[in-house]
Amino acid sequence: MKMTPRVRKILSWYESDNPGTKANLARILMQGRLGGSGRLVILPVDQGFEHGPARSFAPNPAAYDPHYHFQLALDAGLSAYASVLGMIEAGADTYAGQIPLILKLNSCNSLATAKDQAITGSVQDALRLGCSAIGFTIYPSADAAFDQMEEIRDLAEEAKDCGLAVVIWSYPRGAISKDGETAIDITAYAAHMAALLGAHIIKVKPPTAHLEQPEAKKVYEKEKIEIATLAQRVAHVVQASFAGRRIVVFSGGAAKDLAGIYDEARAIRDGGGNGSIIGRNTFQRPRAEALAMLDEIVKIYQGKA
Amino acid sequence: MKMTPRVRKILSWYESDNPGTKANLARILMQGRLGGSGRLVILPVDQGFEHGPARSFAPNPAAYDPHYHFQLALDAGLSAYASVLGMIEAGADTYAGQIPLILKLNSCNSLATAKDQAITGSVQDALRLGCSAIGFTIYPSADAAFDQMEEIRDLAEEAKDCGLAVVIWSYPRGAISKDGETAIDITAYAAHMAALLGAHIIKVKPPTAHLEQPEAKKVYEKEKIEIATLAQRVAHVVQASFAGRRIVVFSGGAAKDLAGIYDEARAIRDGGGNGSIIGRNTFQRPRAEALAMLDEIVKIYQGKA
Amino acid sequence: MKMTPRVRKILSWYESDNPGTKANLARILMQGRLGGSGRLVILPVDQGFEHGPARSFAPNPAAYDPHYHFQLALDAGLSAYASVLGMIEAGADTYAGQIPLILKLNSCNSLATAKDQAITGSVQDALRLGCSAIGFTIYPSADAAFDQMEEIRDLAEEAKDCGLAVVIWSYPRGAISKDGETAIDITAYAAHMAALLGAHIIKVKPPTAHLEQPEAKKVYEKEKIEIATLAQRVAHVVQASFAGRRIVVFSGGAAKDLAGIYDEARAIRDGGGNGSIIGRNTFQRPRAEALAMLDEIVKIYQGKA
Amino acid sequence: MKMTPRVRKILSWYESDNPGTKANLARILMQGRLGGSGRLVILPVDQGFEHGPARSFAPNPAAYDPHYHFQLALDAGLSAYASVLGMIEAGADTYAGQIPLILKLNSCNSLATAKDQAITGSVQDALRLGCSAIGFTIYPSADAAFDQMEEIRDLAEEAKDCGLAVVIWSYPRGAISKDGETAIDITAYAAHMAALLGAHIIKVKPPTAHLEQPEAKKVYEKEKIEIATLAQRVAHVVQASFAGRRIVVFSGGAAKDLAGIYDEARAIRDGGGNGSIIGRNTFQRPRAEALAMLDEIVKIYQGKA
Amino acid sequence: MKMTPRVRKILSWYESDNPGTKANLARILMQGRLGGSGRLVILPVDQGFEHGPARSFAPNPAAYDPHYHFQLALDAGLSAYASVLGMIEAGADTYAGQIPLILKLNSCNSLATAKDQAITGSVQDALRLGCSAIGFTIYPSADAAFDQMEEIRDLAEEAKDCGLAVVIWSYPRGAISKDGETAIDITAYAAHMAALLGAHIIKVKPPTAHLEQPEAKKVYEKEKIEIATLAQRVAHVVQASFAGRRIVVFSGGAAKDLAGIYDEARAIRDGGGNGSIIGRNTFQRPRAEALAMLDEIVKIYQGKA
């Protein structure tokens, strides 16, 4: 497919990166049904690590098979598939060259005793498995946050040097309230920190209108920052990501009904977000339903729904 | 521009450094409207990391864009622009060779649970991004202070070996009172420690006349050290920085009115400080006002205002 | 000085390079009296190594002193000073930050028994001495040519990684005739090989209308490539250097009269060459005469003479 | 100066060390007015780090300048000058080769929240700055003591490999009483541990007759170890330092009157100690008074006073 | 001894070197009876390697003992002692700190089948043995010359990094005539190449008035370079060594009579050479005669004979 002006524009934001990294970003941005539009939908499957296999896959047992997810992402015309080492190893050969892969390099699990993640993959793994990017989660406000930032600093330098792109999942938790984890001030801050850490693609949760930090609250009110609708909040997060110079995608979070999912996608689209990264809501549905849902989401980002 | 005797003199203080480091110091000292005078004004933009994007940029939303700051520093004729990895990556190509860059290698954030900073950049990043110096913050009196000192020791040795300069932000906090953080005894001590750690450029906050440590208080009173005016306190901090053999710049701190900013600059000038590093007071103003303010500050350091 | 559209355009050619390398190219392109014009005049002093000190400096004994050349390049408003390790070490501290330096990393000598050069400096030397670029000579057609190409490949990779620029002196000699060494087909070929090896700045000799290779001769004649005038030949060499996407400078060669030097500079200018690298013709003249000559050459490149 | 039998004897104690380390010990032992006598007086200036600049230098403001101390040590004919990275960097070039330097590799500060020190220099720093030895402080009885011992083990191994000497400041503190810090049993123990850690030169405080550890007290009394006079206690510490096979110097501690200083030096001399390391008592006096005092101390160690 | 203005001046020539290297140069320049004068006499003992033990030491069998040479250099008040690994290892402990040592890192031998030298020591050897400098021989014009230059490039970079000085023996041989090996044009060229390779101290042979290279001959005649007397030729070699910015010493060569040796020393002195490096003429004489001869040479350099 010919490179579009929109993708060309997006690549120009990454002005300090080498052509290898840009080529990998281009692969993601030119893949699937949204290829060329500057929008993207990514299928992430790390919930097995986070919540255990039954909680993740029992509702749709076909999803226990790693190939299921590669095939689903491909059939739905998505932009990339993100998962952890073992899942990628189990399908990277069969699907080599068919869909951009994002190797998630750290993972938490619900048996863990600390709010942290283990590093479970390497940049070298990403290269040998043909991945386009590495992924990494940070927990701003957790005790482990500084360690995580230093880990992704090391890994990102190595990845960029090898022409890979870097995706940061920025999920605040720890010394903030439960509501604060998705508060608009905290989410914008989380996106900004990911950008400052050198992420090419930033993943945050759809923010609520809650304001967590008193010092921030004052500013939001004084400066009359518009955060009433999700689209406005998305626009604010995009602004916080270097005035839109970084790709920002939003996760789906816990399973919800289809209308809710579509509304969220429309708000992300209208707020100028680059797209969705949607896991559980996808693979916990029977394949046909999942494909239908993804078809609708793609149409939303195409402006057709 | 021809090297001035004043800059030549300043470079001679760094007698153990290689010509690469001196060339990078010279680039900063010869840049912009104060080039050649031995005075400097640096634009630092790390507040997004420290306080979040809205608190930093909402008062002047154009500042969400990383290019804004490069352009502002350039248009105002400043000496250097200091920021963290992502911000520098987002503009280093567009502005290559136009203004000396200082890559801040560690960063704190207001969500953090410890009085520390994460290392978010490397010496190799500074080289590939064309920076003239690395920057690093230490928090003397924090539990993390010894670790921070050992981190900057490692990074400074590597940076000097590669011909880069080293800027240390020395901000006491932790086991001292809030007033103590800017007390004259503590500030002079903080500057002295930065010098002892091998900093080429030292950044401290403008000190108050408060004396924090009882043992120090006795000495200040017995030796009749003059600390009544800010100019006297600046002179004392400069003295504590190897009798003026190290470049010392003072931060602006929280936003204040213009008269206050100008008075502070005059006191820094009159006390023999080398200049200002002024972030929030600059980029939180509309661009035209910021340029007017910086024009006045430059004139103050030129002795014209 | 403000970056000019011309320099911005030139920097855009080096699209795979990191901002560090571009900053160093910008430093060279923005330096001196031709700063910003896209033209450059470089002072190279490696003849002492190549021909011995007396043949190089006896006509103007002041030139035995390494500081002489730094000062001359500075006073004449040139773009950069290129020399070998010892000469750069002997002045890099005194002139730190005053003029871009190119550290020549290999050197031949007229006592040598092979058409080769010894590696006499490192990328680390270039960093510690504050140089903007490394320089390297290859002898296409010499027995050592493949070794030289592999040496500069290694060194160039390391230099680019550290944000330095790469200058290749491409001087064919060996299995070709004496006339062939400056033949237009060979010179264009030499420039093209330097470009292919990843040079940012290419240095070749002004080509004659001679055609050395029979196979090439046929094409030049069949395609009616215009090579009658030096300006046409320069234009052809520039074309051979990626259609003008690489900076090409021409050496002065053996001492000649002023009219000859100026005519050559005019032809380089009119053919679209980026400038001159002029050693012996400069430092073998008394300083006043050299400055007058360089003033005229600068004016020629400025279009004023 | 010709090597004396006394220095030859001292060097013979370090029988496992390489000639490089012995040459550096010899440089210290042959330097200055006590050169050749086996006695030494060292000027240490790390109080700026430990107590802050004003408490250290305000009583004699000339001492804010790093060059002051190099010159003072030289003019007084002392054996070596010991200081931390920044102070040594600020004068090592001007005073290159004039006086043996000891680079203190760790430093504490009075703002710190832990009884520890930060590592602030490296063996490579010591080599590039032309130092003869590294210095390191351990706090036996502090929580950090094992870490400190492991740090100096690593650094000492590296230093000895490069032909440098190792000086250990052994200052007990932590889980002992204030009086215990200078108790004779503890001081002898501290000296012995420094010797066991491989120190070439051991620095302890002049011990009091206090006995801190009950188990030790029993032995001192049973064995009738003579500790009534300072000379006797010095002799005991020297004995504890491998029966005099290691160089032991004693610090001066807080400023006191001249008579007290001279008495202490006489006791050190009479007890067979190798000399004094005297900082604050030196540089907090006006230069003329300091020189007069050091002249007297030197004469004491020469047996002339 | 107090640093003299002359030595301070000489050290200032080495402006790119670290204080460690300057301290080691200072040690050589401040040692012995010529200490402080800027003149030096070095004892080199590598003839055993080059010509075999009997040819070297049988005329004075005491010289078979490595200690003999250390003691001789010391007793004669020389500036430094230069030898190869085994000889230095055999005395470095006994004479630690008594005289600066130069570890010759490569050696040829008269059994060899190539005009080359083997590398027989390392920079790490120099450090562990307490040496102040490394020494290295190059044979400009030999087939091995480029390899030798690349070897000393590597070693010199490592040595300078560790604060050692670099001495290059530059002895042309190979593709030139026997007379050419000491021709004035070749000797000046050899000295210049050593300077360009980054030598701190250059060692060449006293040149004859012979001119070897036709191209050079023309220049010497045209420019009327004065080479009639040895003093004039020495002055020319010094000029070729960066206009006197590098220390140049001259070897004694084959044994000759005393008058010849003294005349040579006077010519070196009068031509502005820094001194002599005199081996065979020293150790092949009985000790008393050698001491008398060295006494006279020292007096010559002191201007007293």
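In this document, chain identifiers A, B, C, D and E correspond to the written order of the chains, with residue numbering beginning at 1 in each.
Going forward, contacts are C-beta pairs under 8 Å (C-beta built on N, C-alpha and C of every residue); 3 or more make two chains touch, one makes a residue touch a chain.
Keep in mind the model is a prediction, meaning the values are calculated, not measured.
Trainee: If we look at chain D and chain E, which chains touch each of them?
Mentor: B
Trainee: Under the touch criterion given at the top, what is the topological distance in steps from chain C to chain D?
Mentor: Minimum step count, chain C to chain D: 2.
Trainee: Matching over half of the contact pairs by residue number, can you pick out the copy of the C-E interface from D-E, B-C or A-B?
Mentor: The chain pair with the recurring interface is A-B.
Trainee: Give the label of the chain whose average Cα location is farthest from that of chain E.
Mentor: Taking each chain's C-alpha mean as its centre, the farthest from chain E is A.
Trainee: So, comparing C-alpha centroids, which chain is the farthest one from chain C?
Mentor: D
Trainee: For the pairs B-C and A-C, output the one whose chains share more C-beta pairs in contact.
Mentor: Greater number of contacting C-beta pairs: B-C.
Trainee: If you fit chain A onto chain B using the CA atoms, what's the rotation angle, as a multiple of 5 degrees?
Mentor: Rounded to 5 degrees, the superposing rotation is 70 degrees.
Trainee: Would you kindly tell me how far, in whole Å, the mean C-alpha position of chain E lies from that of chain B?
Mentor: Roughly 49 Å separates the two chain centres.
Trainee: In whole angstrom, how far does the Cα centroid of chain A sit from the Cα centroid of chain D?
Mentor: A distance of 58 Å separates the two centres.
Trainee: If you average the CA atoms of chain A and of chain E, how far apart do the two points sit, in angstrom?
Mentor: Using C-alpha averages as centres, the distance is 67 Å.
Trainee: Where in chain A do residues touch two or more other chains at once?
Mentor: 15-16
Trainee: Looking at which chains touch which, would you call it a line, ring, star, complete or other?
Mentor: Here the contact pattern is something else, fitting no line, ring, star or complete shape.
Trainee: Which of the chains touch, listed as pairs?
Mentor: A-B, A-C, B-C, B-D, B-E, C-E, D-E
Trainee: What part of chain B is in contact with chain C in the complex they form?
Mentor: My answer: residues 2-3, 11, 18-27, 29-30, 74, 92-93, 96-98, 124, 127-131, 161-163.
Trainee: State the interface residues of chain A toward chain C in the complex, per the touch definition above.
Mentor: Against chain C, the touching part of chain A is residues 15-16, 18-19.
Trainee: Going by the contact rule at the top, pick out the chain C residues touching chain E in the complex.
Mentor: For this pair, the touching residues of chain C are 48-49, 51-55, 57-59, 61, 64-66, 68, 84-94, 107, 109-114, 116-122, 124-125, 128-129.
Trainee: If you look only at chain E, which of its residues touch chain C in the complex?
Mentor: 13-17, 140-143, 145-147, 149-150, 153, 157, 172, 174-176, 185-186, 188-189, 191-193, 195-199, 213, 215-216, 219-220, 223, 225, 236, 239-240, 242-243, 245-246
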